[in-house]
Structure formats: C-alpha cells, structure tokens
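Across the two complexes that follow, chain A remains constant while its partner is chain B and subsequently chain C.
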Partner chain A sequence: MVKKIMNDPKDIVDEMLEGFVFAHKELQWFKEYRTVAVKERKEKVGLVALGGSGHEPAHAGYIGEGMLDAVAVGNLFASPSPDQILKAIEAANRGKGVLVILKNYSGDLMNFSIAKELAEEENIRVESVVVKDDVAVQDSTYSTGRRGIAGTVFVHKIAGARAAEGAELEEVKVTAQKAIDHIRSIGISLGTCILPGLKKPGFYIGENEIELGMGIHGEPGIRKMELKSANELAETMVDRILEDLDYRKQEVAVLINGLGGTPQMELYVLTASLKKVFAREEIAAYRVMVGNYMTSLEMAGCSVSLMELDEEFKRLLDKPCMTPALRIQ
Partner chain B sequence: MFELRKEDYMKYLYEVAVRIHEKEEYITELDAETGDGDHWLNLDTGFQKLTEKLEEWTACSYAEFYRNIGMTMMSAMGGSSGVLYGSAYLKTSKLLEGKDVITPELLGDILEGWASAIAHRGNTKPGFKTMLDAIYPASKRYGQAIEAGKDCKTCLGELKRGAQEGAENTKNMEAVRGRASYREDKSVGHLDPGAVTMAIQLECLAEFIIENCCK
Partner chain C sequence: MVKKIMNDPKDIVDEMLEGFVFAHKELQWFKEYRTVAVKERKEKVGLVALGGSGHEPAHAGYIGEGMLDAVAVGNLFASPSPDQILKAIEAANRGKGVLVILKNYSGDLMNFSIAKELAEEENIRVESVVVKDDVAVQDSTYSTGRRGIAGTVFVHKIAGARAAEGAELEEVKVTAQKAIDHIRSIGISLGTCILPGLKKPGFYIGENEIELGMGIHGEPGIRKMELKSANELAETMVDRILEDLDYRKQEVAVLINGLGGTPQMELYVLTASLKKVFAREEIAAYRVMVGNYMTSLEMAGCSVSLMELDEEFKRLLDKPCMTPALRIQ
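What follows is the complex of A and B.
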C-alpha cells in the first residue's frame, strides 16, 4: 500500500479543496459543486476550465487576475459532471458570455456538452475551445484524437490576458484558438502513480525504462525506451515536436512541466539540455517557465511545451497575472 | 413471464454495487493496460453513493426513481461513465411514466433506450470498443428472443450471453473513442474495461430477474 497524506480516500478531493480555499482567501468555493471561483466580479468575458483531480495546481491554481474565473473539479482523473460545470459557468458569467477551455478527452467533452445546453437555457452565452497539444497521439477526426496536456496553461494565460483587456467573447475565442494552433507538447514518464484509494498503480514502467509520450493520466504513450541522459531526452522530445510543427527560426515560449515526482533540479537540468537543442535548431526562447504546472499525482517525469509567438502573443504573455500557481508582474 | 417492480430494482442495485465493488483488482488491472486506471474507482464511487441514497427513494414513482438514479450516477461517478450511464437512465425514465412494473417488453425498450442514449451521447457506434459493445448485442439478442416468444429464462439468458460475448469481442476491436484510442495499436488484444463493467451489470440484472422475478 502506498503512503499518502490523507484521511479517508473518498474525501480526498473535498479536503484538498478545503485546504486550497483556506490558503487562497481571494477565491471562493461552492462546496457541494466542487467548483472554485474568483470572489471579485469584474465586467469581462468569463473564463472557465474543468478537469479531473490529481493534476494540481491545474486547474484551480490558475484562477485569478489575468487568467481563469472559475474551475469545476472532478473526481480523480475524471471529468466533473454537468451540474458542476454549469455552476462554474454561472460563477464566471458577468453578462459578457463565457469561454470554456477544454482539453480533448471524451469525458470532458461529453459532460461539457450537457452543461452548455443547460447554461444556454439560462441565457448564458457559452463558447468553447479544445486544447489538443500532445504530439504523442495522432490527430484524427475519426477517433478521439490528440490529448490536451500542459500546453493548456499557455491557453489559460493568453485567453485570460485577452479577456482582461476587455475583448468580446468571440475575440477571446479566436485568440485562444490561435494559441492552441501554435502549441505542441510531448511528455516522458519515468515512473508510475497510484490513485488514492487504490492498492496498485494504474500502469507500469520498468526499472530502467521510460515511456515517451505518456499522457497525464498514465495513458500509454508512443513507446517504452531505455532511460537516457538529459541531453538525449531533450533531443528526442524536441525532435518529436518538430516533426509535428516546425518551430525552427521562431521565437517561442517554453513550458518545462514536472509531473509531480520529479525534483526541480532535474527539470532545470533538462532546461539546460533544451537550451543546447534550441541553439542547434535556431529556436529563440522568449520566455521559459519551469515547474510543476500540470501534474499526475506523484508520477516522475516531465513534459515540454512550445508555443510559437507573434507580437500579440508576446504582449498577452507578458501581461500581469496573479493566481496561486502563476504570477507574472 | 416476469414483473420487475421498483422494490426489485432497488435490490438489484444493491447487488450490482456489491459485484462492482468486489472487482477492484480485475477492472483496475484491465484499465491499467489501456487507460488510466480510474474506471473502477469512479464506477464504485458512483454505485456506493447510489446505494446510500436508495432508501430516500422508496416513495417516489418508478420514472422518478430512474431519473434519480441517472442524476446520481452523472454527478457522483463523473467522467465518461457518469455522463453515459446518467444519460441512459434519464432517457429511459420517460418510458416508465405512469408505470409501476417493468414487463419483459418494457425491459426490451429500456435496454434499447440505454444503447441509443449511450451511442448518441458518446457519439459512438457498435465496434468502437466501448461499453456500447456490451449493451448493444445484449439488447438485440434479448429483443429477438422476446419477439420469438421464448420463455423467461431463455430471453434473459440471451441478454446475459449477449453482454458477455459482446464484452469479450472488444478484445479484437480497435479503439476509436476514449483513452484506449491513444495507443498506437489502438488497444487491440485488450478487453475494454467499460464494456466489461457494463456486462457485469447486465449479467447481474439478468440473473437477478431469473432468480427473483421469473414465473
């Protein structure tokens, strides 16, 4: 049995949120809906995200000035339900409509589709964008297609800054979609994670093995491979991204994201390795963010996300934001 | 042939909750192979919540009861399972308006309603390696047996076997929806956990009716 700091595993999500809003007094909590929102209401387009638990600080950590307005929090690794999402939409709505930033998972999309119908019955304008940045999965219009992973944080930032400028719903949506089109990510996993309440991990990784392209829920990736040096990992990851979208000779924002069980030291080592690959590929890093932005419980590993920047994105990225998990001043 | 009353349906739900609860290792193991390992946990959470609430629903109508089941599954389970089971119960609650028993024919309509609600909400078809691949053949074979005028046990046996064989057949399918579709091999060679847990429920329902309601 894995050691975890918890009480009854079935209370873990509620207790986490209780702690979260105690620590972040600028946020409020609709307890029975497991929905967190800003307290202060400004007249602007509302921004909502949703997702399962176990990815902290995503997504409630991105609520606040310049980013999201409300987040619906699901069970472990599972989408929140329509009534929760509706509550988040209501909490974010100030009459200028709400943009919901989704990640491409069947459960998230299905639950959202019901919530959207319910919100529209209340005359709330709801638009959505779907993040699908993970190059490990082939995109497809036939199957579920590409997953949304840590590149989503860029979308929260860009859309949040655009909404804070006073843009209209349609404009915020266009900018968010443009960001999505310019973001690609790839992850590697070094170890597994165990859902609180379960006796065994939901997936396995061998002793000297890593998995390239594993998802943020431990979904299998592209292939298992032998653990290599940070330099080699950085090359493999960037190569895989460049095969999908050519960032060479471009200015980019970089997100080096820890999955929960990897020390910052290793993330910064990888960052140094990425610096070399970027120099070789003539990729100019305009902003580099390193830390645990979207995790998978205690999984060891990381993901790298790149976003190609133009003047608009640079301006929006540099705008201040003040949230529990991301502060830019 | 049989009458499935609301009190019976409650007993069935208690029983199926136990069966799901007992399958932690098997289901989580299956899910670990192709998904993210949370399917059992969320399904179990939903069924435990459901059994806690059942006593509050003794006085309501059958249709209201079905609506309550749907709403509870949707909110307590969450994820894909919650919304799909929730949609199935909510949609078929309409078939129960003004009824206080489920007859063999009505059960056929309910099963068909479940399959179509799941296909619609999940934007899925038979053969996509999902829970639909258990409910769809089960509903079809049960319907054919009823139409052919077979006896109670035969019809329910068809329901059970349709579900079991349907779940078994997902092994050879390529996943089109859900997390199993992310694998490059599309999870061929692995059972779909969602189809397996759907089959467990349908099996349990068939066995419960045979044991308690068949005349």
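What follows is the complex of A and C.
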C-alpha cells in the first residue's frame, strides 16, 4: 500500500517544515536552507544537528531550551548540503563556538567537513562529535564503521544541558564524547517503509520475519529471524548490547524508540520485557523513555538504547529541557 | 501482516501497563484493577477518564499535574468494568468530589453509571460530562449519538487546569461542558488495524481508498472516497467541521492527531495544508498540537479537532501540565 497524506512528493520536506514551524511558533525557519532554529538567542555554545528527513521528530523536534539550537534538514533519507549545514552553524553561533552532533553516515560527514571550512572562514569556531551507537554491524551501506541511530537523542540532551549551564566549547565536546562512549543501541524491524513518491519499498521483510539490527534507512542488519515473543526479543537485544559494552550492575538511561509504525502498546510491552531482563542482569533503570524519538517513516519496529550514567550524566539528564519532542522539567 | 511485539495476547494490556508504570515512576498502578493514578495526592477536585486500550497514549498518558488523576483501562477497544471505574474514582477522590470525563460510547456510559452508584454509596460525590466531538455520524456501532474522539484531550487539559487552580466540582463540570460545546473533530482512515491475537482486521479499506469519518475502533464513517492530496483532505475535513460549528473569524486550538501508523512527516504536511484553509476561512490558530494523541493501534490516518477559544480557555490551555503525553510549561 502506498497511501500517504501529501501533495506533490517533491514538496513533502518543505511542506512538512512549513507545518512544523506553524505548530511550533517558538522556532524559526530559514526556508531556502531548510534549516530550523531557535528564535531566542542566548549567549552560550551553539548546538547543531543534521540529517535526512523521514526520521521525525529527529532532529528538528529537539530544538529548544536545553537541547539543540539549529538543525539542517536533508531530503528524504539524504544528507543536507554544505550550505544548509553552514546556515545551521551560523544560526546557532553566539560567538562561543558551535558543536555539531553528527551521526556516522558518510554523506553527513563529508558535507559537514565542507561546511566547517566555510564556517571557519567566517571565524566561527566549529567542533564536532560523531555518534555511532548501533552495535548491529561494523560497516554499512552508508557508513564506514558503526551507524548512529536513536541513542543520538541522549547526546543531544546531555550536550544541550552542558551548553545551557554555560560550559565552553571544548568542555561541551568532551561531555558529548563521553556520552557517546557510554551509549549503545540495537534495533529490530518488523515491516518496511516506502519513500514518498516511490511505488514500493527498497527492501523487504517476510511475512513472519523480522530483521535484527536493520538501520534506520533500511540498511541490512545482522540477520533475519523469525518473530519471537517480546520477552525473547528483549533478551536478544540486550544480550547483543551487553556483548559490546557491559552495563551489568550499572545505572542506565533507557530509550525504547518506535520506528514510526509500531503502536505505543507494543513499545510498552517490550518495556515490561526489558524490565525483567534488567532485573536478571542487575541493570538499574534510572530514567526510561518510550516513544517515537527517531523514526523511519512508517516502518514497524523499534530500537533500544542504553546509556551508562554517572553523577554528572544524571545531573545533566535531569536538567529541564523544552523542545517539541522532549520535555523534562 | 500480523506482526506484533507481544507475548501472549491475553496479557498484552497488563504487560503494557507494567511497562507504562516502569517508565513513568511518578504514577502508580492498581494492578488487579488495571487502574493508573497519580501518586501525589493534592486537595482538589479529582479528574477521571476511562476507555478501552489500543488508543495509547490515551488516556493513562494524560495523568499528572494539571490534567487527570486516575484512569481505568479496559481491554482492547472495550470498556472497563464498573469496579475498575470505581477504583479510579476512589483513587482520584480527595474529598472535593470527582469529575469523570466520558467519551460517548454505550459501554463506557453504562459501566460508569453503575460505578457512580457504588461511589455514592461510599459518599464520594461524582459528576460526569460526555464528549461527543466527532461530527462524522449521528449514531454509530458503539454509540447513540455522536462519538467521542481525540478532541477529548482538550477536555482533559481544560478541566485539568480548572481543577488545578482550585475550582469546585460544579465549576469544573461547567467548564468541561463548555469546552465540549466548543470542540468538533473529524477523522480520516487510510489503513486498517488488527487486534492483538486476531489474524485479520475487522474492517477493510481499499488500495487507493480512504474512509472519511471512520471511528477510532474502525466503526463506519461518512463515506469511502479516493485518496486525495493533503490540500484537498484538509479542505474536506475543515468544511465538514464548519458545516457543524462555525469557527470562522474565531481563535482556535487545533489538534492534528495521528491514529498510530501515520508518520509525523505526513501529519505536518497536513498541518501546512490546514494553515492555508485557516487563512482562507479567517480562523486564527492560537495553539497547534501535532502528534499521536489518541490512536487506534497501528491504523494509518489522522483526525483534526478544533476548539474555539475565549480568554478563559486560553488561560486554561496555557497553564502548565506535566504528564507522559502532554507537557506545557
């Protein structure tokens, strides 16, 4: 079924952003650059994210107090251009430098590196960190090394809180990198998604099959497997994460992220299953977030992200933020 | 495709609620009653909602400061029992009486009327209002008279703010009823949904077809029609609402509600289309909310709700609330 609420598919990103800033009047939109930014300019280190569209609410949904300052929005599942990224950097800059939070996709990194040069010609200090939280595969269709997926939301929150409390550019970067080092994610996909304007999906998942570790653009994961119970899925996902980083006997933040087409009911059932696995592994859940935080259009499935917490991370995680997609007070 | 993240389908509601209270530690769960409530007890009029599950985040997602105090959760698309509703009333009662916000479904109303009698035997004052915002059809599969759908979220917000500022039971009821009188909604469905445990949907929508006015349990709407552009859909939906209540030249709150399977991208495209229709009809959007507020499992589609605003409603709408699914500060 290819039924979508849209007009001309070529206008879908612009129209989405028009609707987005109509609903979120506290944000502004640089239309020709497809760049969204805060209106109110505070003197602090600026925070920028970028990425293709189709992952809403990521990333423009995380613009606001205590999180990001500007986001460059690419075409569907495609990197924004260097001039878009430059515009976001300019919009986020308050004279204290800008940290760009990248997910590890080759296109994002390449276009960012050009934008960084251009920004530095304008005497804007630019630093970056690269999120690669997905433990599924080492290299992938669009990445050399691990992919960045929903764990990125934790990086936005932690770095955003650090910038909001007045830290300098280098300090915000160090904290963001520390967050990245403590975050791991894994996804499962139950169904496919179709890019607006196309007639069929770019990949398939069988009738009673799921794919463990599929990327948020439908990139291949670890393996296809039979759909199992929520309890078994939770075990499989946590086991794969623990093979990579040992969260046992640690306090963690947990993100159970829907990919777009999976109802909240199922995400909360998986949450209950994770609770059992955490009890067995002596993992203490300090904060649990459940919802559609970084999606793949209407794809059915979810990802689980864990972040190990120390006192600094708990303090930063608990600091207020007020954005369209995440509000903590 | 019947692929769901679940264990035994008969446990899905209990497991969902277990996950829900694990994620939202500020809430408590009366397990044997499938009733969720605030932990902190403030002296104020209590607010209760009830309904079948499968509509998450409705209604338990609206429990918290400035909105509801307790929710009775029924089986999938089924009314909670009188003893569940009684438990929610007891949990919400602080000695100032309890207002129960009902949606107009026969089962909900019948079970509530029994619960109300039982509560009054315990000397709890109980009042109720009935939301019937859906302009699609006069009578329906599960209702005599109009159905209550996503506009209910506005009633929770307005009544919640009124109760939070210390109004008495009768005053909260009057304000809630005034809200109901000023809210109208209409939905469109693009795809079906399958109840966990079943093998196929209870209703069908054709390949290139949508249903205008379908209910949130798949009840028949006004008519099946060809899928049109977002601009045309926005016009059709607003026109149908305006036939019923004239919002022209008024200030309104707008809720663009996803039914579960529709990506945010499409909801925001529809938002941009609505912006155009509002401009033409001189409707001023004071607040615009976009997201999955009252769903039908993984159904694709959305609803649009309008609430006419006066100064009292603007004040109450802007008051802070802090719940899992709606946060305003």
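Heads up, the rule we're going with is that the second predicted complex is superposed on the first by the 323 of 329 C-alpha atoms of A that agree within 3 Å, B and C clash if a C-alpha of one lies under 4 Å from a C-alpha of the other, contacts with A are read in each partner's own complex, and residues count from 1 in each chain.
The working rule: contacts are C-beta pairs under 8 Å (C-beta built on N, C-alpha and C of every residue); 3 or more make two chains touch, one makes a residue touch a chain.
The model shown is predicted, which means the values in this text are computed figures rather than measured ones.
Colleague: Which partner does A:229 reach: the first (chain B), the second (chain C), both, or neither?
Modeller: In the superposed model, A:229 contacts chain C only, not chain B.
Colleague: If we overlay the two complexes on their shared chain A, which of chain B and chain C does A:300 touch? Say first, second, both or neither.
Modeller: second
Colleague: Looking at A:40, would you say it contacts chain B, chain C, both, or neither? Reply first, second, both or neither.
Modeller: Neither partner.
Colleague: Looking at the overlay, does A:264 come into contact with chain B only (first), chain C only (second), both, or neither?
Modeller: So A:264 only meets chain C here.
Colleague: Going by the touch definition up top, name the partner, chain B or chain C, that contacts more of chain A.
Modeller: Touching more residues of chain A than the other partner does is C.
Colleague: Have a look at where A:218 lands relative to chain B and chain C in the superposition and call it first, second, both or neither.
Modeller: first
Colleague: Tell me which partner A:170 touches in the superposition: chain B (first), chain C (second), both or neither.
Modeller: neither
Colleague: Given the touch rule stated above, what does A:19 touch, chain B (first), chain C (second), both, or neither?
Modeller: Touch partner of A:19: chain C, not chain B.
Colleague: Hey, which residues of chain A end up touching chain B in the complex?
Modeller: 10, 52, 74-84, 105-107, 110-111, 113-114, 136-138, 142-144, 147, 195, 197-204, 215, 217-223
Colleague: If we count contacts the way the header does, which residues on chain B are in touch with chain A in the complex?
Modeller: Chain B residues touching chain A: 24-25, 28-29, 31-32, 34-38, 40-42, 45, 74-84, 86-87, 121-122, 175-179, 181-184, 186.
Colleague: Under the definition above, what is the set of chain C residues touching chain A in their complex?
Modeller: 1, 3-7, 12, 15-20, 22-23, 53-54, 56-57, 61, 190-191, 196, 207-208, 210, 227, 229-231, 233, 256, 260-275, 285, 288-290, 292, 295, 297-298, 300, 302, 322, 327, 329
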